[in-house]
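Same chain, two partners: chain A is paired with chain B first, then with chain C.
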Partner chain A sequence: MKNCYIHSAVSISTQNTFETKGFLTEIVEHSTKKIEAIHPNYKNFISPSSLRRMATGVKMGVAASSKALEIANLPQPEAIITGTGMGCIEDTEKFLNSIIANKEKFLTPTSFIQSTHNTVAAQIALGLKCKVYNNTYVHGGLSFESALLDAHMHIIQDEAKNVLVGGVDELGNEFIDHVMMMENNTENGLKVPFGEGASFFVLSSDKFENCIKIKAIETISSASKEGLILRLKLFLSQNNIGPKTIDAFVTGQNGDGFDTYYDKASTLFPETLNLHYKHLSGEFYTASSFGLFIATQVLKHQTVPKSLINQGEFTKPIKTVLLYNQFKGRDHSFILLERQ
Partner chain B sequence: MPNTELNKIKTPRVAITGMGIISAIGNSVESNKKALFASENGIGNITLINTIHLDAIKVGEVKLSNEALISALQLSENNNFSRTALLGLFAAKAAVKNSGIKDISAYKTGLISATTVGGMDKTELYLKQFESNPKIQKYIASHHAGDSTQKIADALGIIDFVTTISTACSSATNAIMLGARFIKSGKLDRVIVGGTDALSKFTINGFKTLMIQSEELCKPFDANRNGLNLGEAAAYLVLESEQIAIKENKPILAYVSGYANANDAFHQTASSHNGEGAFLAMDKALQNASLLPRDINYINAHGTATPNNDLSESVAIKRIFEDKVPDFSSTKAFTGHTLAAAGAVEAVFSVLALQEQVVFPNINFETEIPETGLKPVTELKRNQIQNVLSNSFGFGGNCSTLILSKA
Partner chain C sequence: MNTLRQELKEKIIEQLNLEDYSVSDIEDNDALFGDGLGLDSIDALELIVMLDKDYGIQLTDPKEGKEVFKSIEVLADYIAKHRTK
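This part shows the complex of A and B:
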């Protein structure tokens, strides 16, 4: 069995995370309930002819992955794996609306072609002329984690030496408003805005000094709060980790009624620095890929921006980080990171 | 490397111990088998979707309405199942039953399902009513592609690893491949794998704009093929580590002995002229199975009957098998192209081919494609079949191949 290390982490998000060397030095405050990503100049990454056809998610995914490969100094990965909860919802809405508006007449194929969930992974492969393993996971709040689990399995089982993996979701223009309407009608609905973004990573079996190891990842489809605690304890003991070894516990807290899962899980780590991020990134099915991004930056820079701190104080070097995410009380995931 | 006894000992074999299917040619494995043996296709005019293309296309519809499926599954009246979820649960339940599983939690069990349309059948009906009609707002939550999988997992009591794959028309093959990798790695003891896709106005119109939908019965691998028939289906297989199947004294239907995934990296929707992605998928799958091309006795081809796919796939097949192309056929003229479910539907048919020692016919074929001169099997053919190779290719260049072997 090989070990799995993170060689690069790149995020296009609703914060200044892409075209900056600093790590959340200036927080962008958002006052709306729906926040768009801060988009870079995509012309630096994508040819104008391709760019014209691409929807937001594809642009974000292609640009983020391109930079992740560049930082890792990797021209061609040995696997390309993405996760997306809503897929290419912009083009889906576009095609659906032209079906409705034109009563199934005079349709053109472009938006249909680009509406399939695997468009981002496909466009990355096409751009790189890369013929390796290519897969896309579309499982709600576990879309990114499923992709990461597959990537991790590729590395540890030596099916690939390096893998490009990422999570991407775009807001879209119409369906999101229906989702927001339902959320507003719910008691204890989200307190953070809806967002979008793309976070991509290069994983490798090659180790270098101070690099970050993905020690383990686990996903659980459904669990009661008590069951979840048992699973979390089991996850830690299987990895020979005591609660006190965790230097930072990063949760996907979003202010809704299901935050009680995080509260309960946090009781296992009463002395641990408790971090959150969805108030910065917004909530979306693959927001946890932003969570992994910020965790890698904390480990790399050994600093914790104030805005991330939910509870506790940053006092000591951070070596081990545990991430826990869930969505609406299901689709739980644990990711365990360790700085070497 | 030949498939020696030594190799078999090294990694646990992946046993198929159950399967379930609902397609245009039947609501059970038995009825699908019967139709395949009788060369009876399930293609006809569309009845369940209100579309202007009614007379311009032929499709492979599942013959049960949503109401009939809801009643068969004993769902409550206020359920928010999309048709994709209904078909999926129907077939997944049948697979679990067929595998003789009494207690799903007795072993570490996962679910990997594939879909492309997800809850689109409801979204396309209600998009403009979501805001104003409280009655149908329940379908907002069932739009995303993971929803049908979550519903199947919850109904079957699967709480551990559950995920959904969407790589267009190769989706279910990738689900089977991931499941096999999980069994081999020891991460799961048992995993239910497959896919489900309902017909929708969205896909019908999408394929219509690409002008690759036939007005007639589709003719895979025929020189005069003029496009595909869309279909809907769900199919699932139960994969178990061989040791557990033996320990539980279960009948093993077949083995998953090889798999591979590659990308054509040529065009978002079209396949390359030399079938590079397909060639790589088949080549890597043979290596993964430690088999040689001559060990394959039957190819269940992707064979959509589009001009582009069938030529590209034929070229790739010739590159792998050279002048010794084994018996091959596409079964899509029976079921239609069932998109994300196709790989699982055809895996079920491949298992049937292994169990019954037959090659299913490529119906509607008349004339060989002049460029390749390949002639599929056109009548039910009895033969000794040890290994079946099954292809699934999709938009985005996603190409995947499975190799299934006789138990």
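This part shows the complex of A and C:
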């Protein structure tokens, strides 16, 4: 079995994470309930002929993956794996509205072609002329984690030496407004905005000094709070780690009624620095890929911006980080990282 | 005819998302495919749907399409002769 290390991490998000060398040095405050990503100049990454057909998510995914490969100094990965909850919802909405408006006639090909969930991974491969394993996971709040698990297995089982993996979701125009309406009509709805973004990583079996190892990943479709605690304890013991070894516990709390899962899990780590990020990134099915990006930056820079701290104080070097995410009490995931 | 050419240029820019082009950038005789505007086979499908939807013209012969989409001038002439809308 090989080990799996993160060689690069790149994020286009609702914060300045893409075109800056610092790590959340300036926090962008958002006052609306729907926040768009801060977009780079995509012409620097994508040819004009391809760019004109791409919707937001595809542009974000292609640009973020391009930079991740550049940082890792990797011209061609041996696998391209993405996760997305809503896929290319912009073009899906466009195509479906066109079906209604034109009474199922005169349907144009572009929005149909670009509306499929695997468009991002496909466009990355087309841009690189890369015919390797190409897969996209669409699995609600576990979409990114499923992609990461596949990438991790490729590396540790020595099926690939370098893998490009990422999570991407775009806001879209209409569907999100209906979801927002439902969330706003319940007391236990989301308290963070809806967001979008693309975070991409190059994973490799090659180790270098101070690189970050993905020690383990676990996904659980459904669990009671008590069951979740048992699974978390088992996950730690299987990895020969006690709760006190965890230097930072990163949760995907979003202020809704299911944050009680995070409260319960946090009881296992009373002395551990507790971090959160969805108030900065917004909530979306693959927001946990932004969480992984944040965790890698904390481990890399050995600094914790105040805005990330939910509880506790940053007082010591951070070596081991545990991420826990869930969505609406389902789709739980643990990711264990260790700085080498 | 000039109005139709202008209309076609506007529609092509909008429907094919040619963000870097304005109507004045497209000459009536510019090739739409290849070295001219650089359109491709997916754009051809978009144009076929546009002809049907906006002008009531159904292109069924691929060879005919190749000739019709040569330039804005040729396209406008063809539409003027065959339109049902």
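In the analysis below, the second predicted complex is superposed on the first by the 340 of 340 C-alpha atoms of A that agree within 3 Å, B and C clash if a C-alpha of one lies under 4 Å from a C-alpha of the other, contacts with A are read in each partner's own complex, and residues count from 1 in each chain.
Rule of thumb we're sticking to: a residue touches a chain if its C-beta (ideal position, glycine included) is under 8 Å from a C-beta of that chain, and two chains touch if they have at least 3 such contacts.
All of these numbers come straight from a predicted model, not from anything done at the bench.
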item: Chain A as common anchor, with chain B and chain C clashing or fitting; value: fit
item: Chain A residues touched by each partner, larger count belonging to chain B or chain C; value: B
item: Touching partner for A:101 - first (chain B), second (chain C), both, neither; value: neither
item: Partner chain in contact with A:48 - chain B first, chain C second, else both or neither; value: second
item: First, second, both or neither for A:113, with chain B first and chain C second; value: both
item: Touched partner set for A:230, first chain B, second chain C, both or neither; value: neither
item: Distance of closest approach, chain C and chain B, by C-alpha atoms in Å; value: 8
item: Chain C-contacting residues of chain A that also contact chain B; value: 105, 107-109, 113
item: Residues on chain C engaged by chain A in the complex (per definition of touch); value: 15-20, 38, 40, 42, 45-46, 49, 52-53
item: Contacting residues of chain A [partner chain C, same complex]; value: 48-49, 51-53, 102, 105-110, 113
item: Chain A-facing residues of chain B, complex; value: 51-53, 111, 115-116, 118, 123-124, 127-128, 130-131, 137, 140-141, 143-147, 149-150, 153-154, 158-168, 174, 178, 181, 185, 187, 201-202, 205-206, 208-210, 261-269, 276-277, 280, 394-398
item: Chain A - residues contacting chain B, complex; value: 80, 85-87, 92, 95-97, 99-100, 103-105, 107-109, 112-119, 121-123, 125-126, 128-140, 142-143, 146, 150, 153, 157, 159, 174-175, 177-179, 181-182, 219-223, 285, 330-331
